[in-house]
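Note that chain A is present in both complexes that follow, paired respectively with chain B and with chain C.
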Partner chain A sequence: MDRLRNPWGRPRFLVLVTGFYVLWSLIPVGLAVLFAFNDGRSRTTWQGFSTRWFTGATGSVLHDPALQGALRHTLFLGVVCVLVATPIGVALALGLQRWRGPGGGTINTVMLLPLVTPELVMGVALLLLFLQVLPGIGLGSSAQVIGQVTFTISYVVVIVRGRLVSIGKDYEEAAADLGAPPHDQLIRVLLPLLAPAIIASAAVVFAISLDDFVVTQYLSGDASTTTVSMLLYASARAAPTPALNALATIALLITLATLGLAYLVYKRFASSDDAAVMAGLEV
Partner chain B sequence: MGACALRPAVGTTCTKATSLTAGRADPAPRRMPSPIALPTHIKPLMHGEIHLEQLTKNFGEVTAVDGIDVNMPGGEFFTMVGPSGCGKTTTLRMIAGFERPTSGRIVLDDIDVAQVPPHKRNVNTVFQSYALFPHLNVADNVGFGLKYKKLTKEEHRKRVTDALGLVQLGDYAKRKPNQLSGGQQQRVALARALVLTPKVLLLDEPLGALDARLRKDLQVELKALQAELGITFVFVTHDQEEALTMSDRVAVMSGGRVEQAGTPREMYEEPATLFVADFLGVSNLIAADASPDQGGCALRVGERTLRASTGATDARGAVKAMIRPERISVEPQGAVGDNRLPGMVERAVYIGSAHELHIRLVGGDLLKALIQNDGSAFAYEDGTPVTLYLPPEAVRVLRPSVAPEAEA
Partner chain C sequence: MSSRWTWRVLALPGVAWLTVFFLLAFYVVIAVAFGNQNSLSEPVAFWNPLDWNVGYMLATLQNIWNGEQFFTVFVRTFVFVTLALALALAIGYPVAYFAARHAGRWKGLVLMLLILPFWINYLMRMLAWINLLSPDGLGTRFLSAIGIERLFISANLLAAKGGWLEGQPFTVIMALTYGYLPFLILPLYASLDRIDQRQIEAARDLGASPAGAFRRVTLPLSRPGILAGMVLIALPMFGDYYTPDLVSSSTKTNMIGNQIDQLTRQGSSKVVGASLTLILASLLLGLMFYYLRGTRSADDRGED
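Up next, the complex of A and B:
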């Protein structure tokens, strides 16, 4: 109502709502991180500061093989997923952008399907695929990678295509005009211009892979293919210790570091306008 | 930034231009910088001459370019002008190779290049957006296409330096495009294209993004540069004034067809169609009824008769006659003689160097006439009855706007 009195003033009510929302969304994360440093076995009662759940002699992330294995496998999946999904996604984006023939619209829609399909449906479908149609591959790391790549590709395609649209055709045409054959148009002009989007989409793929539970869970094989999210879910009811919080905290830090790094690289490559777009994309 | 930056300093002109064009296959003598086109027999052959033959481009159901025939003589400044959607940019893009013609030929120095991909054509383009590569500095932008010329490092460096010198941006080699002003970017784009010594330079509204003043300066500089280098420039614009002031030859396009092509003087003074008359400059149109007259055509306008000695004087029946505002003489009411029409000043507009009078004829047509502002007292306030003298040689009978075959 302040706005009625002073239309040039800050919209205080909106500021309040926004502030409340930001707090509300950060509190659970903050609490989880806080109790990773609890000097006791409780995840609800504060017993003093300690890093025992990170590096302590017993039950810490550093010394519990199960926790460590989960972290290692999670990172492994993330890296492989990025290495596979990003190039394929970039190629698809380039191909779709140039696709002028019939069926282009259909393929566009298909590319977006994984973004809106409930993950559970995707997980069950992939499970059936690997059990019934492709038993040769079997469940485990390979299946998990294929599963994650299947839906993370869509993010790469969406991000890279967005950049392609904003780049337009002029640069490619200019390169062709100056004598560059198609291969050089791609390598010397298009890829450098797409670099920010490629890095951003790689970071997004990595973050999603780290975070993924449903598909990864369905396609997991033995204990060695357990990821952080699976472990958190499984032991939440068993005998949870702040070591789980410590594990989650590490995963969170890796995700934040990845996105932060991607943002910095993006900013270095792209103009300031683009960086603003990227900032919006991350939030 | 210097207004006259495009042209190299006097004295260095020749060496710069020579080094830029040194790699060309035929060492043809360069044209003298001259606003008048040289006679054909002096012009070097095989020198960036373009013939468009029945060139057509369809985008689905839409025909963007409709079987045009255009002759662009080598070494000339050729301008395609027309309203948006007239097909001028599509034509340019077909010459560049970005669009594949639906049918027809693009003959560049006797070779049909219509099916040759853009990177294999010896033509270069200055884009409306400049399309400077944002990730490369100015020198790398200019040197981009030299990679395909198989030069030594030293030659490469020298040609980049020369090209940047030509557009007076030698000190900006290490800058990124986004650190340059619009006018500077435009000149980098020009250097990037010229460094490859193309036979033909295509310019797609290159001045469109610049402010009016800079635009005017660059018009002059661009024209001077073209005359010095002797490269064929094919220039696309929607600005009729730009077309008239810069070109050796102009083609007015409309609806995917060439309405008329010729020198700026021909186009302005002898427009073949209503469309051309209307598009290039201010034109007064008078509805009249044409009948034969010795050596010309008699036009019945209301109660009066005008004699017209130019244009489609063989036309009969209802026609439109055209006269430019600067050709009309405004006389006091009651002046007698042939080719005079009575009217009344509806509005007198002061435009600084002249007064523009809007004069309503008795028949209802509105004519604009210019009276130079020579400092004397202005006698034609709103509502003044006047007599207009329309010299027979200035009254032009027009065909309606049906595109005839291109004359170029």
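Up next, the complex of A and C:
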């Protein structure tokens, strides 16, 4: 064991840095969540516990039209984005994995580019696209969905392809040997095997959509297309009430619950290697 | 033969989607940047490359070249991003190293705590700091009580008492570090975790000191992870406008993202905004492909 000792001296230093980092990264958010339950207008002085900013008669997330509308619209975009991006991404992953012949490499690169393109660049590009080429669609909900789908497809492809690699070709070949035509191999063999990855990628798409800010803001139309992130950006410096914290807390809980559930499903049905992909450890 | 076409048909919707909403969208930026604007300063795109008008692009490049506003903003962006990257690495590497090597039976918990901020809305994390650093915020009071505020004022890093959110470059750099660190730690962890312990043991058996084994084995083996992680967080930082907006809201800390945002979304001149976007994108293209090449070769290893 001695020879594996931390080369920087005692790991105490590492424990210290890690502890400091974890506290630094989580305490501010923890306090923001705590003050969502403040029984007063202050976001800095504790005035007792209350859920008035969640469900109270005035100014709460439940009753303030702007806050409630933002939450609703955020969830709406998330659901539609999952319904569009997941099937397209799964199909693209299957198609690319078995692509033979020219063009596969190029498509692969183009498919990965949205993962590394700064969102601002994509936001500007999509904004100009909708203004210059597709004014018929225009800015608003449809544009927001299209924008979010454009960069979430890549996440689906990466997750599903990771699973395809670990499944290998044996099952398909066995099905083919037993006389199954290609679409049967796909529907009766591959898709069931891919189910955990599909669920995981749907959850990741939902979470990314909920948290997205730049593209969603660039493609927003009137006030009814404001999302939680956009409202946080617009009101954070404008002396908001703890209702803003409450809104952010609700969105956070929905994101974490979705990912937590999907993670459990994934862990149950797939190997832990694949789970690392989902946890964001590898993209 | 028929099965080959099954796969291609499956890929078709995705390919078509990316062609229109990614590739074509990017071409629109080029067509607008090399286009013109009408009397309402709305852009008029020139679709045919033979018609391209280089006027706006040249004016933008000249602005940078002559050291005018865009130059100042570019330099500031570069300084902010470099400092935030250095800070992020200085904090992130030991944390990732601890998680990969020394967390022991706490590994699962440590990893969960490191992944958690990854999935907390970025703007909520900024909101948390705005609450803390507002003039009567808990953070401001704390920093004042332990004497940091006075120290920063005397070191000229803070303009006035309680003014952390008023155009302070230091606050923006710290906010960028805070905001993007989780995205650096996970790839760092992955690359450190992948290193074969036996290679380090071999180095020690051959007489390397612990520090020597770290310098000659661990560090070189984790270099690809370091570079990939830094690129991964540098790219969004270069396109960031919301962090300076939120924690400073002063033109004194404007980054290139703020400049582009003002020109395009807020709409003062989309044509100039498009040329600036194009310049930024071409500067970052190298980094983007560097990152993709790295992940591609990792993929290939996985498939063998």
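Basically, the second predicted complex is superposed on the first by the 252 of 283 C-alpha atoms of A that agree within 3 Å, B and C clash if a C-alpha of one lies under 4 Å from a C-alpha of the other, contacts with A are read in each partner's own complex, and residues count from 1 in each chain.
Keep this in mind: contacts are C-beta pairs under 8 Å (C-beta built on N, C-alpha and C of every residue); 3 or more make two chains touch, one makes a residue touch a chain.
Keep in mind the model is a prediction, meaning the values are calculated, not measured.
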Which superposed partner A:V22 touches (first chain B, second chain C, both, neither): second
First (chain B), second (chain C), both or neither touched by A:G89: second
Which of chain B and chain C A:G179 touches, first, second, both or neither: first
Chain B versus chain C as contact partner of A:Y171, first or second or both or neither: first
Partner chain(s) touched by A:L244 [first = chain B, second = chain C, both, neither]: second
Partner chain(s) touched by A:P192 [first = chain B, second = chain C, both, neither]: first
Which superposed partner A:F76 touches (first chain B, second chain C, both, neither): neither
Residue contacts on chain A - larger count, chain B or chain C: C
Common ground on chain A, meaning residues reached by chain C in one complex and by chain B in the other: 182
Chain A to chain C touching residues, read off their complex: 3-8, 11, 13-15, 17-18, 21-22, 24-26, 28-29, 31-32, 35, 43-45, 88-89, 91-92, 94-101, 107-114, 116-129, 131-133, 146-147, 149-150, 153, 157, 165, 182-183, 186, 207, 210-211, 213-214, 217-218, 228-229, 232-233, 236-237, 244-245, 248, 251-252, 255-256, 259, 276, 279-283
Chain B to chain A touching residues, read off their complex: 96-98, 117-120, 123-125, 127, 129, 131-135, 144-145, 147-149, 178, 192-193, 196
Residue numbers on chain C that touch chain A, as the complex places them: 2-4, 6-15, 17-19, 21-26, 28-29, 31-32, 43, 45, 91-92, 94-95, 97-99, 101-102, 110-111, 113-132, 134, 136-139, 165, 178, 181-182, 186-187, 189-190, 197, 200-201, 204-205, 209-215, 218, 231-232, 235-236, 238-242, 245-246, 249, 257, 260-261, 264-265, 270, 273-274, 277, 280-281, 284, 287-288, 291-292, 295-296, 298, 302-303
Interfacial residue positions of chain A with respect to chain B in the complex: 168, 170-171, 173-182, 185, 188-189, 192-193, 269, 271
